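Next come two complexes built around chain A: one with chain B, the other with chain C.
Moving on, here comes the complex of A and B:
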C-alpha cells in the first residue's frame, strides 16, 4: 500500500466549498460596491465562442483566448443574462451552504421557486457554463453533478467527506460489479492504493470481464467503466487518480472513430470545456482498439458508415489529431474503411482480450 | 434486522447452474437418442409470435399460448437455426462450467471461435431468445447478462456466490453513490435487511437526492435507480427483493407515458418476454408522477409531442392498461395534453419531492 502522493491539510470537499464561496462573495461584493458608487454593476466573462478557442500545445487541450464579454445591467439586452447569473451565484451559495447536490435539470426547475424564469433548460445550462467560465471552476465544484454515472473497481481506499459519511472509509475492491462514481466518490479523499495503473474501458460488459479475469490483480489496476463517452465526474476521477496517486491511465475503446474520440476527450478534454482546466489527463494513453489492431489481429469488422466517414473528416481537421498515434490511426481507419468492437476479440475466446491483447498493448504503450 | 423470508439450502448461483445444465443435458440426450434411433433430431420451441401471446389476468403478464414451432434437422430450411441453437446450448454449458459471464454481443462474436456463423447480432440474439423460450429460463440463468447497469443502495446484506467472492458478505448501505447491479449482485444471496420497502426511481439525479435526504432511513427503504427503462438484471433484482424478502415495491417515474410504461414493465414485464416468468413484480405499485399529480401539484409541464400521443394511443390498446390507475392516468395525460419530469418538484425546493410528495404518495398507495 502506498500513501497518496499528496497530503491534504483539509478535506477536498470543504476546501472546494470555501474556494467557491470566496469567489461568490467577491462577485457579490463587486456588485454591491458598484451600486454604492452609483455605477451600473456588470460581470465580465471569458468569451466562449469558437473564435476565442485556441489549442494549447503545453496543456494539451483547448483553452480560451483573451477575448471577453461584459454583461452590464445598464444594457437592456444584458439585464436578463446578468440577472440569471446573479441568481445562479446566489443559488450555488445555498447549495454549498446546505451541503446539497443538484443536476443541470434541478437548477432549471429550482429557478421557478424564486420566480426566476428560464425559457428552457438550454438557457439555464448556458448560464451555468458562464459561471464556470467566470470562475474557471467546473460546475461539480458548485455542487451541480451530471445525472449519468459510470463505475469503478479496484484496490483503492477512499474516505468520504459528504454529510453523514465524513471520515468513513471504503475500499473499492469489495463489490465486483463496481461502485458508481457520483458526488460522494467525487469528493472523497483518495487515502491509499496498491494499484500501479488505471485501465478505463468503454463498456460495462468488458468492465465485468476484466474484473472476472482479475485484471485488477494481474496488472495491479484500478478498472473504470466509462459507459461510452465518460460523464464529467468520471473524467474528474481519472484526473485525480492520475494526479493525486500518480497512476498512469490507459484507455481501451471500440476500434472506431468514436472510440478514438472517447480516449481523446479523457486525454485533452472537449472543446466546449475550453474554459476549464481540471478535466484532462494529458499523459493518458489510448492503447486500442486501433485501426491497425483490426488488421493485425484479424478482427471481425464491419464497414464504416457515411456518418463514420463524416466524423472522421471532422476529426482530421482538429489540431489534436495532427500527429502521433491519433493521426496515424485516423488514417488507418480511412484506409481500411472498417471498424471493430472490443467484443470482437471473443472470436479468439472470451478471455483472449485479457490474456493476449491487453498485455501486448500495455507493453507497446511504453513506447507511445 | 429480519432474516430473509426463505432459507436457501444451497446458493442461488449453484442451483441455477445445476438447473440449466440439467436442461441442457436433457436436450443433448434427446438429440443423441433420435440419432441413435435413425431419426432426424429436432427441437420444439413455444411460438413467440404476437398471435401466440395472450394476457394472463392472474399472472398479470403476457404469456405464450399453446402454439409451438419445430426445428427439424430433416428440413433444409431449419438446419441453420437448429445448428445455431445446438451450438448455443453447447456454448452456454461451457460458460456455466467455467463460471464465466457474457453479453449478447459476446455470444455473437464467440460463435466465430467455433466457425459458427451468424449473419449479424440480431440473428444470434434471436437464437438466445429461442433457448430462453425452450427452457422457460431468462438468459441471465445462462450467464448472458445485459451490458447496461443500474444501481442499488440500502440496508441489505448480500452474500456473493461468484468465483473468488464465495461467502463474502457486503452491506449495500456503505457507498452513498450506489452499487451497480451486475452478475455478482444478481447471483448473490439476500441475507438480511432492516428495510420495509423498495423505492425504484427512474433517474440517477433523483437516486442521489433520495440517498442525500436519507429516504432509506426515514422510510426504511432500499432505493433503486432504474436508469430509465430498467435492464433485466434490475427487474430480476426487484422481483427478488419483493419475493424473497417480502418487500413491497413502489415505482416513481417522470410524469409521462414513457414513465408510466417503465412502471408497467416492472410490474408485468414486456411483451417480448412473454415466454418468461421471473421478471415481474405483480404487486408493484406505480406511485407517480401521475398526470393528475401534474394538475394537483401545479407542476411545471410541457406539451405532449406527436410521438407522445402516438405512444399513448398504442398503450390504450394494451389490455394491461384497460383498468385501474393505468387507464385513469393515460386518460388524464390525454386530457391535459402535458407532461412533467420528476425534477419539476424543485419548483418547490430541492427537497419538496422527498418531504412532501413522497409521503403523500406512499400514504395514497395503501388504497391502490
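Moving on, here comes the complex of A and C:
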C-alpha cells in the first residue's frame, strides 16, 4: 500500500501550524481592538464541567454542550486567568513561530519569565485546557506535548517537518525498540506504508514480544505501545494511520474494566477531552482480552477488587457501554467476577498469544 | 484659667559611690510652679500627718492628703535626714525650711528657716532623702511618668533619674480641664464619723436647716420627707443628737430612696480633646476614639468614666494594652484584679469590632470620682461596682464602634489599593501580549480601562461605609436606653 492519502498528509503539519496561528492572531486582534475602544475584553470558553458534557451519537464521543463561561478582564476574579490565557496564546504563537515544542511542565515554568507566574502546575495545565477548549484544538497543535512514553514500530515511512530534519525520511521498522511518538513524529508526514493494519497494545512487554515474533511481517501490522491509557499524541497518531492511510485499528488490552476502557478511549475519546475532536478512531476494534476470553482460554485470573466493581458500575452508566461487545463484556466481568492480564497467555508458552490467540481474535473482529 | 504646670523631679543617689548596691539612700527632689504654700502653713502641711481637711468633697488625687507627708516620714525613718521645703508665693522671695516630724507628737520640728530671693517665680520645692531600690523600681518610675504625661498633656514634666538620664514630657496643649467645684457630701456617701464632724461644726439651730445646709442637693421638701422617714423632728437641735440618733440618722440616710442623684460639678474629667492630646503625644497611634460617659453615681458618689481606644502607630505593642487612670493617677499594679481588666478581657467581644488579637490596641480608662472605689488601701485597682462596670463597658464599646468604622474604612481603602494593584499589574501584561499576537506596533490604550476600573472600585468602597454606620446607630440607641433608665 503506497502513498495512500499522501496529498492529504503533505499539508498537515504546516496547515496545522497556520490554522492555530490564525486563531491566535484573531484572538489577539479582538482583545487589542477592545482595549483601544475602552471596552473590557473577555474570552468565551465552552464550559467543561460534567453537566455540560453530552454524548454525541453521530460523532460517537462525548462533546461539550451549549453552556459556556466568560472570562472577563473586568472581573477581579477573572483577570488573572484571563491574563494567563492571553499569555499562553502569546507563548504558543512564539513556539509555533520558532518551531519549538514544550511540555506542560515547561509551560508552567516559562510563565515566570513573563511575570505571570502560575501558583502550581495544575493551574497552568488548566489554562492550557482552556485554550484547547476555546479553539477546539488539542494542545499538540499548540506544540505542547506530554512526556512521551508510547512507541510505534512497523513499515511506515515518515518525513520530518521539524526544524533541522525537514525532508529527512525514516522507516519506522528500522529500530526494534520502536520509536517514541513524540513531537517530531506527531508532526511528520506519513509518506508510505506496506502495512494493512494497526495493532495497539496496552503494554510495552507485549509490544516487544510482537516485534520479536515479527507480528509486523506475519500480519502486515504497525504495532503501537499505548503504555496504558494512550496519550493524546498517540491517539492522534492512531487516528491519522486510520484516516490518512486507511488502516484498520485493533486494540489489545488487559482483560479487565480498565483495559476495556483504554480501548473505548481510543475509539471514542475521553470525557477529559470532550472539548476536542479528531482524537478518536470510531472504527477501531477492541479484540481482547475479553471477559469471555478468560473463560474460553482458561486464563489464569484473579478476583475483581472493590475498586474494579466500582469502576464497572460507573462504566455501565456510560451511554457508550450500552450496546455491542462493550456491554456484553462488562456483563461477563460482572458475572465471572475475575480479571486477567495479557501476560496470562504465557501459561501456554511465550508465543501462544501471537500464534494462537491473535489470529483467532483478528478473525473474530470481522464480525464485530 | 489656671497656671500651666511645670513639674521637675530628680532622683540622685546620696552616696557618690555608684557601685553600692540597692537598696540605698537617694535624694528625691520635686518642684512645681504652683502658687506656693503660704509660709505659715508650711510646717503644718509638710511636718504633720493628717493636716488639711478633705471632708468637703471634690475630685482630688488623694483622699486624706497623706501621700506627701507619708513620703517625708518614710524618708526620715529610713535615712534620718530632714526634709527641705522651699516655697515661693510670688512676693519676690522664697522661704526655705529644713524640718523634721516629731513622730511621737505628730508635730513639725523646724531646724532652720531662711528667706532667699526669688524674683518673679512661684512654686514649691521639696527635697527629701529616702531609702530606695532604684534598680528595681526604675521601669515602674518611667512608666508612671509616661502614663502621667498621657493624662496631663498640659504639663511640662522633667524627670532626671538616678542614672542621670533625662526624660522630658513636653506640653502638647494649653487647654486644662475645668477645676472641680467643692461639693457637699451626698446622703448616701455619709458615714457616722463624717456626720459627727458636720454636727460638731453645725451653726444651724434646727435639724431641718442643718440638713439643707450641709448635704448635697437637699431642699426643704426632700428634707421634710426624709426626716419624717427617719422619724426625727425637724426642730431638733443638731448638736443635741445622741450617739444612737446619729447612727440611726446615718442608717436612714443610706436607706431613703427619695434623694436626688449627685451632680458632677465636683468632678474634673479631662474631656475628649485633652485626653486625646495626651494619647497622641505619648502613644502616637494612627487612630484614637474617645467616649465620655455622662455622670453616674454609686453609693452617693458621683463619677464620670472616660475611655479612649488607641490603635496602631509605633508605640503600642501588639495585642491589647490597658492603661488605667483614677483621678488622673496611673494605676500600674494589680491590673488583673481591676474592673477595667474584666470589662476589656471578658465583657467585650473583640471579634465583633473586627479587632484581631494581635492588633496593636491601647485601651485608656479614666475614672473620676469624689471617691474612687479602690478595693484595697494600696489604691491600685478599682472594685467591680456594677454601676462602674456598666459605664466602662458602654464607654469601651462606644469607642470600639468608632474603631470598627475606622478599620473597615481603612480595610476598604486597602481593598481598593489591592484591587487596583491587581489591575495595574495585569493590564499592561495583557496589552503587551496582545500587541505581539495582533502584530501591532503600539500598545493598546489600556490606561482608559484602568481609569474606568478605578471609578468603579472607588464606588464599591463608598458603599461599604454607610451600612456600618447604620448598624452602629442602632446599637447606640439601645445603649442610650439603658443610660436613660439609670437616670430616670
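Please note the rule applied: the second predicted complex is superposed on the first by the 361 of 368 C-alpha atoms of A that agree within 3 Å, B and C clash if a C-alpha of one lies under 4 Å from a C-alpha of the other, contacts with A are read in each partner's own complex, and residues count from 1 in each chain.
Just so it is clear, contacts are C-beta pairs under 8 Å (C-beta built on N, C-alpha and C of every residue); 3 or more make two chains touch, one makes a residue touch a chain.
These numbers come from a predicted model, not from an experiment.
Student: Name the contact category of A:89: first (chain B only), second (chain C only), both, or neither.
Tutor: second
Student: So, A:145: does it touch chain B (first), chain C (second), both, or neither?
Tutor: first
Student: Taking the superposition on A as described, I'd like to know which of chain B and chain C A:38 touches: first, second, both or neither.
Tutor: In the superposed model, A:38 contacts chain C only, not chain B.
Student: Looking at the overlay, does A:28 come into contact with chain B only (first), chain C only (second), both, or neither?
Tutor: Only chain C is touched by A:28; chain B is not.
Student: With both structures superposed, pick whichever of chain B and chain C touches the larger number of chain A residues.
Tutor: Of the two chains, more chain A residues are contacted by B.
Student: Please indicate which partner A:170 is in contact with in the superposed arrangement: first for chain B, second for chain C, both, or neither.
Tutor: A:170 sits against chain B, while chain C stays out of touch.
Student: Give one of first, second, both or neither to describe whether A:208 is in contact with chain B, with chain C, with both, or with none.
Tutor: First partner only.
Student: For A:184, using the defined touch cut-off, is the partner it touches chain B, chain C, both, or neither? Pick first, second, both or neither.
Tutor: It touches chain B, and chain C stays clear.
Student: By the touch definition at the top of the document, which applies to A:160: first (chain B), second (chain C), both, or neither?
Tutor: first
Student: Which residues would you name on chain A as touching chain B in one complex and chain C in the other?
Tutor: none
Student: Can you check the complex and tell me which residues of chain B touch chain A?
Tutor: Residues in contact with chain A: 100-103, 105-106, 108-110, 112-113, 145, 147-149, 151, 160, 162-165, 168, 170, 174-185, 203-205, 208-209, 212, 214, 225, 300, 341, 343-351.
Student: Name, in rising order, each residue of chain C that touches chain A in their complex.
Tutor: Touching chain A: residues 419, 422-423, 426-427, 429-431, 433-440, 444-446, 448-449, 452-453 of chain C.
Student: Where on chain A does chain C make contact in their complex?
Tutor: Interface residues on chain A, with respect to chain C: 24-25, 27-29, 31-33, 35-36, 38, 40-41, 73-74, 76, 79-80, 82-83, 86-87, 89-90, 93, 114-116.
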